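First chain A sits with chain B, and in the next complex the same chain sits with chain C.
== the complex of A and B ==
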């Protein structure tokens, strides 16, 4: 830097040259870092895009099937099974599967009550028995179609190739199965919904109650400060710890209640307390701090003048809270609760610890039933070594993401709708 | 018409309305429903304390049973390099090092990236760009962790294997779990750091610009130091989150304790071990059951300690501007 007292001592031109060179360097530096900051942001977006593309890529694609029995050989008098009447299809079933299995199918639903397409599906599942021998992801299926077909023809001459959408109405409506082609997420979706319902019933009143207590009733003393710190810390406790708490308290100590045997309604197979109720209660403890913190933030935004006006007219504390304070933060409280619930829907680790069932094919009947949930199902399918289970895991992830997306969208809509009015 | 103005006759006297025989009672009435409601609210307030006590009590009880078992003691637990319940060896180090490796990799990814994104969002991006980018990051934060686990196993691991060679990178490894965990924590670091950066008053930036600083110099030399306490808190919360993260490591890091610092080797973390052991039908009062509670207690105190430190940093070192 040059002092203003001696401007003529150093030639002015040199200084400005030096300065402009330094300035150019500084600006260059600024531009370089700007690019770096932008690149970092792009990395985040690329990660999200890759994740979603990978899941979609795995959810669709070509599949090579090999049939246990050639459908051509099942044709009666030259008529293919696609065109056979129902009676002939029942006959084929009877001829090709064991008596015990046939009787079980009959007792599930008598054959004369079943529709033709239902019986046809049974023939395909039980007699033809297509087995997946190889799957290709969507990107390969679309871009290198010819090489897929060539590879399949070379490696699996017996197989036939079809394009399969792993996620379809049948996937959503059929129960779990050990065969990836037939497996669905119906049991898991119902399990998730039951669990979340219990979670909401417990966590919402308790959470909002705590938020009201801390914002409207609590004095600033040591106990209430402790409660506040405690809630902030509970929000940071890993979810798996809540799972262990649930295992120790709800499953083990309160097993008689959570399995329903205390009320005489429990199913003897769930007498160990690993039920929907235990799972719902565990998740309720998990999202309670989130609901409380969001609720407090919403209530805090209500101006004090509203309370003072109400007290000035002689209202009691609860009248003030219920009629004048609470109507304002309700959209905020609900938005926070929905976000907490969408977190609970995606939780896996605590439910594994609480004891989700590894394999159930029947729908949950109530809070005392055994359960599995969507994330649990994804976890189990992903950890299997066979590649076709990765495909149905991807399809289940799509179902889960669609569920979460619609929940979050409803939260945003709720916020926009109510915030306009107030 | 009469000149007199008709005054409406008061049908009831004030004395009748307020019943002057008895003096007006201004004390508040007992309202039983309000007492019940208040009772419920006080119960709610106390409930969170019960939860914490429950965690400490249940974990502590089972952990105590674990340490009372013959052949297990605290010293061996913290210094033993082998965790083999069948051989009755319970040294936490192999599980702890795996947690350390995944957490370190996750933070190596999440901190620089998260800080850069936060600086970009708070100092560079126009409001329009910010309104597009922030929801995208929020989506990233809202994706369930089991989905990240799937991503680590089906994308990151094959990617690393094609990059470094199949004989170097195992099918299950801590590197891919750590990297994906970094992506998971990125939105947390970003949003907490951005909050801290935006809380720095405008006047500081304007003063810097007034002295001729470039935008980068303002951001890095003025705004970031002023928000350093918030950024440090975000960093520590990120570590705590990474230590407690379960599904990614359960799916991608491997099943089986392995005392190694090599990120391309499979190794089971503390959380991964808890999930694997409790996933099977575990019998109560077995040494396996007790041992996972000992790990859980350690995990609880680690995350609690980190959370308390981060709160203290925010309170202690926050620069308050008028």
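== the complex of A and C ==
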């Protein structure tokens, strides 16, 4: 501060004017970036919130139903069907549906074994047959209730209006159906769980094993570098390509194994290999590179000093890997696996290629069963022209999200258990 | 390096006659260590006295640690490292094809520059090495003995279940020494064991080294010349030649090395003129 152009320094003040100007500029720069990063985060949050709101908007709302048969007309001696005993309800059923359908219902489960509420549901489904004539989203139902009711009264005088939650216990526990009111996602949930279980069982041990081998055992030579590069590249291959691979290998070439006929346990209807096993194996292939790469990253983060300490005490390579290299990166490995498995649960394209069933109403019975999964079901419903299917698709998306979050939460709990060490 | 007095060994053309085999814990013969093509240390000929503290000093990059790690085959963990010459343990070259490096490392323990306890309990830190080496017997006694020998028992006896990482830096380093002792080695290599510690903790480690020299052969690499002068019975001075290869300049009893070094380079380093 001795230069002639500089302002005279006040005693005790150490920052010159020029310096404070520069400092202000630096702070300004910092603030600009801060705002930019904040904006980026906000965009993400808004996008996510919009998505979620849109789904919830579709999953609830007013629905106008029109009954095929007026329930009042079914009343016996002035007693409404809600209050009729089971025997009278069975009689109504017998009178109003065809003999063939009645016999089929009887053979599914004899009527004297069925509960009253079960029979009542059948009467409502088969005789009263409520049909959806119009649906309103949640936002409209809540905010413009009066105009909804007015519109319904004007356009659908026959209909009655109720507030419907498309996602309810019945939706989760019912199998697929062509009637959106009756359709549920039980088949799809079970299919998803079966598939993901096979995926985890195959991909996790294979992926972690490969990561350990590549990180701890493999020498740095040309072949191993080639393998490493290819694994990195495979992580970026579009999932539909894996679907093709799964179709060619698991469905076509190994059809005898994946359909179970090689073991004599398969169902003849799945003899073409389009089974849960094929789907699980395909998804396992899909997430294998991701698990390997994440596993390697986690293992690489184990400090070299730990390995040296172990070797220095006369531990073998296996003892070092098992006691010191492996316990430390388990949380990291699990995090990678959780992300990969979440991705697999949501995969649709490869399963379409592998041959997920688009319409099955029975539960999968094992790895050799035909299957459908939640994303397939959602994809299927969203492509239907009837608007009600959009509502149940939204409800199925909610179910998928809940399933995903609960699987993730349990995996995170598991991870925290491992990382809580002394 | 022309005179050969006492235990002084000339790096080149040295004779190995006259030594009593039992007295020497380790003997190197024309030891060369390479990292890939690079010659890191050349032609080291040393006889390490049994149950004494031998200090290795020298400027940075002169291969002190490399030589130390050659004594228990730790260099092999670096993929490109390889050695020529011999490192004899008794009459056996530890680099012979029939020698298992795992066995070598059990018998030649190591303590590192930065304390590196396992993320386990204090008890487990000490017991683990013994357990994996198949040492049977009363583990509690072994742990107590090892911790006592490492002068740590009184400080940790009430918290053996606590994490080894919860200790202070000096305590952690003594825990690492206890861990090394527990597998019953004959030699303990120490790679700048006190360089990350405060003076009081350093002093404790130094006292411990003197204490341990009654039962073990100790080889310590240090940057701290006062430390070498304080704790060691013998001192080896390394430096680098023009090809950046490390070489042994002078090796002898510590008091002689510090008071009357034979080599001008040793004198220069010790008096602080270079390095």
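The rule is simple: the second predicted complex is superposed on the first by the 365 of 422 C-alpha atoms of A that agree within 3 Å, B and C clash if a C-alpha of one lies under 4 Å from a C-alpha of the other, contacts with A are read in each partner's own complex, and residues count from 1 in each chain.
Criterion: contacts are C-beta pairs under 8 Å (C-beta built on N, C-alpha and C of every residue); 3 or more make two chains touch, one makes a residue touch a chain.
Being a predicted model, the structure only gives us computed values, none of them experimental.
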| chain C versus chain B on the shared chain A, clash or fit after superposition | fit
| query | Which of the two partners, first being chain B and second being chain C, lies in contact with A:312: first, second, both, or neither? | reply | second
| request: Kindly classify A:206 by the partners it touches after superposition: chain B alone (first), chain C alone (second), both, or neither? | output: first
| task | Would you sort A:219 into first (chain B), second (chain C), both or neither based on which partner it touches? | result | second
| So, does A:92 touch the first partner chain B, the second partner chain C, both, or neither? | neither
| note | Between chain B and chain C, the one with more contact residues on chain A is chain B
| message | With both complexes superposed on chain A, which partner does A:323 reach: first (chain B), second (chain C), both or neither? | response | second
| Touch check for A:231: first (chain B), second (chain C), both, or neither? | first
| task | Go through the superposed model and pick first if A:293 touches only chain B, second if only chain C, both, or neither. | result | neither
| request: Please indicate which partner A:401 is in contact with in the superposed arrangement: first for chain B, second for chain C, both, or neither. | output: first
| field | Overlay on shared chain A, then closest C-alpha pair between chain B and chain C (Å) | value | 5
| Taking the contacts chain A makes with chain B in one complex and with chain C in the other, which residues are shared? | 316
| field | Residue numbers on chain A that touch chain B, as the complex places them | value | 26-27, 29-30, 33-34, 36-41, 43-45, 47-48, 50-51, 54-55, 58, 206, 209-210, 212-214, 217-218, 224, 226-227, 229-234, 236-245, 247-249, 252, 285, 288-289, 292, 316-318, 342-343, 345-349, 352-353, 355, 358, 375, 378-379, 382-383, 390, 393-394, 397, 400-401, 404, 408
| said: Quick check on the complex: what are the chain C residues that touch chain A? | reply: 72, 74, 77, 79, 102-103, 105-107, 109-110, 112, 114, 116-121, 128-129, 132-133, 162-163, 165-166, 176, 179-180, 183
| said: Under the definition above, what is the set of chain A residues touching chain C in their complex? | reply: 219-220, 303, 305-316, 319, 323-324, 327-328, 421-422
| Okay, in this complex, where on chain B does chain A touch? | 28, 31, 34, 37-38, 40-49, 51-52, 54-55, 58-59, 62, 112-113, 116-117, 119-121, 124, 133, 136-137, 139-140, 142-151, 153-155, 183, 186-187, 190, 214-217, 220, 237, 240-241, 243-247, 250-251, 271, 274-275, 278-279, 281, 284, 292-293, 296, 299-300, 303-304, 306-308, 311
